[in-house]
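We call the chains A, B, C and D, going by the order they appear; numbering starts again at 1 in every chain.
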């Protein structure tokens, strides 16, 4: 390729394979009350499957699993690495933080958008990590709480993306062997 | 805890116990005309009760109380410290300002969103204080005025939060003695 | 007054009497096609009357008045100072610009939000003037064009206000002789 | 003209004739699934015709044309310069990038808003080019994806404009020979 791109090494604004995926607190007893829970789980699953196919590291968190159970089965089988937590912000848990700080953009999805997802995003951002939140893969009990969470994430300059954006940015081009398989997952 | 958080002392982006709460002009004669007044009062009450439980300082303002009466009784009993005011911006009243500048983020709720809440938020921000406005605990007569107030607060980089965000950020973790009591208040 | 306000002279974020008001192209032949024209004219009239009462300078512009007629009569009587223009951006007209640059925040209202109001706001902003646009006193033929204009004004950090915000910020406090008269105009 | 504009040479915030127009992937097999496809094509056509009339350079891209066909006929006749692409981001194609970096603001329209338009806008922005996206001339299969794309473009400070804004900013004033002809196209 010729042109300006050859002359410098700008930071790409699109997402790259140098990402890691975190599914926050998608636990059955919480899910039952979440607005749009079915879409949240489906989008988390799409991201987890694409991450597997493309070799992107992924993990999940469980809030108080002794009290309210683990990550829902449909996702748990896809995400062997799990962190149990006491703080609403996973970024306050040392074991999670050591993993999350291991490199690349941290992509967050899960529940609740305005509590644990928000606090984790702000915690990681405050520590200087690059964070993106997948807006169609997060949920709260009330839609207005999710909207307020997105507003506050924007305020703190956290990047907001969709699951489809993520998959197509990880892919970059249509002539890759994984393209058709992931396109089927998206649709 | 180990990890990056140990290596530096970043400013937390989530709210902390180092906050103070101000209820602006929630007076019966104004309330009668406010869109969503019942929710505004309920959310102010939730915040006042949580502030009491967690030892957060709180105060209220009364616009022209001789003319239009004091803070509504439901809140007045929870907020002994009150400032009477002549300016729409409480930040122009020296006694209020001395208290508000006493430390921590100033959390604002009350009415009207686009007049006294907005002017107070901009006044305090212009003086260099950190301000957050609780979006589900403020109101105006017309919803479009509240929306315009939020838009202008964003323009001036004032943080916008919800009452539930505030309570869960003050709490930080689920294994505290106050958690269950405050969870009941939230629901 | 005592407190932090005494120790420095911060730039106020609220509007002050150091403002000037510009009504852009509110001409009958354009108005007929404007969405919400009645509100646009009513809000422009409120602002013009408040400006008169408080001694705020004001002017209006007429796009191609030979072709499409002058500012509508209801406003024309309140605004003796008028600038005829050929450019969509009034800021490209030397006589207007000399007046607009005479001091204080330039408050814009009128039509069309996404053409002449937008271009004038961007032109003045690009020249370093402080500009605010009154969102409930501007209009376009299609609501989506007005929304896109507001979005673009935000992008360029132009302040967005409402007519009521302006009046209460000009007034500052309720114990002024003009308060009751202007309160009647607002309602 | 006299006044402040004479004293400096500020960067204009309105668009100027120093622009170039890019129509991204408006191909029939993609269009069939796009929400609001008819408006997208009509607005792209308006921009292409105005660009021709005013001497603005323009080009189009075709994603995998061997697989899904070329730019739709209605636009293809107006845009002889076309770039075939393999990457979702046209900015990753050297031939396109050399042309796009040839000067002025790069105006983007076409489909899908949240994949190829978004990635191209972010790619060009990351390389330091000035980019504007025409919001009423882009589309995705789902409206929520387009909305998320606009949100992310705002995050990265990409300018969002409408087709009508573009035409009136290119024109600058009503007393030009092209004004009436372009006004007819707009309406």
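What we mean here is this: contacts are C-beta pairs under 8 Å (C-beta built on N, C-alpha and C of every residue); 3 or more make two chains touch, one makes a residue touch a chain.
Bear in mind the structure is a predicted one, so any value in this text is a computation, not a measurement.
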Other chains in touch with both subunit B and subunit C: none
Longest centre-to-centre distance from subunit C, chain (CA-based): A
Fitted rotation between subunit C and its twin subunit D in degrees, CA, nearest 5: 90
Interface residue overlap between copies subunit A and subunit D, same or different (over half shared): different
Length of the line joining the C-alpha centres of subunit A and subunit B, rounded to whole Å: 31
Centroid distance [mean C-alpha coordinates] between subunit D and subunit B, Å: 44
Per-residue overlap in subunit C, given as positions that touch at least 2 other chains: none
Each pair of chains that touches, named by its two labels: A-B, A-D, B-C, C-D
Interfacial residue positions of subunit C with respect to subunit B in the complex: 1-5, 8, 10-14, 135-136, 154, 157, 159-162, 164-165, 168-169, 171-175
Parts of subunit A lying in touch with subunit B, wherever the complex brings them together: 63-64, 67, 86-89, 91-94, 97-98, 101, 114-115, 118-119, 122-123, 125-129, 144-145, 148-149, 151-152, 155-156
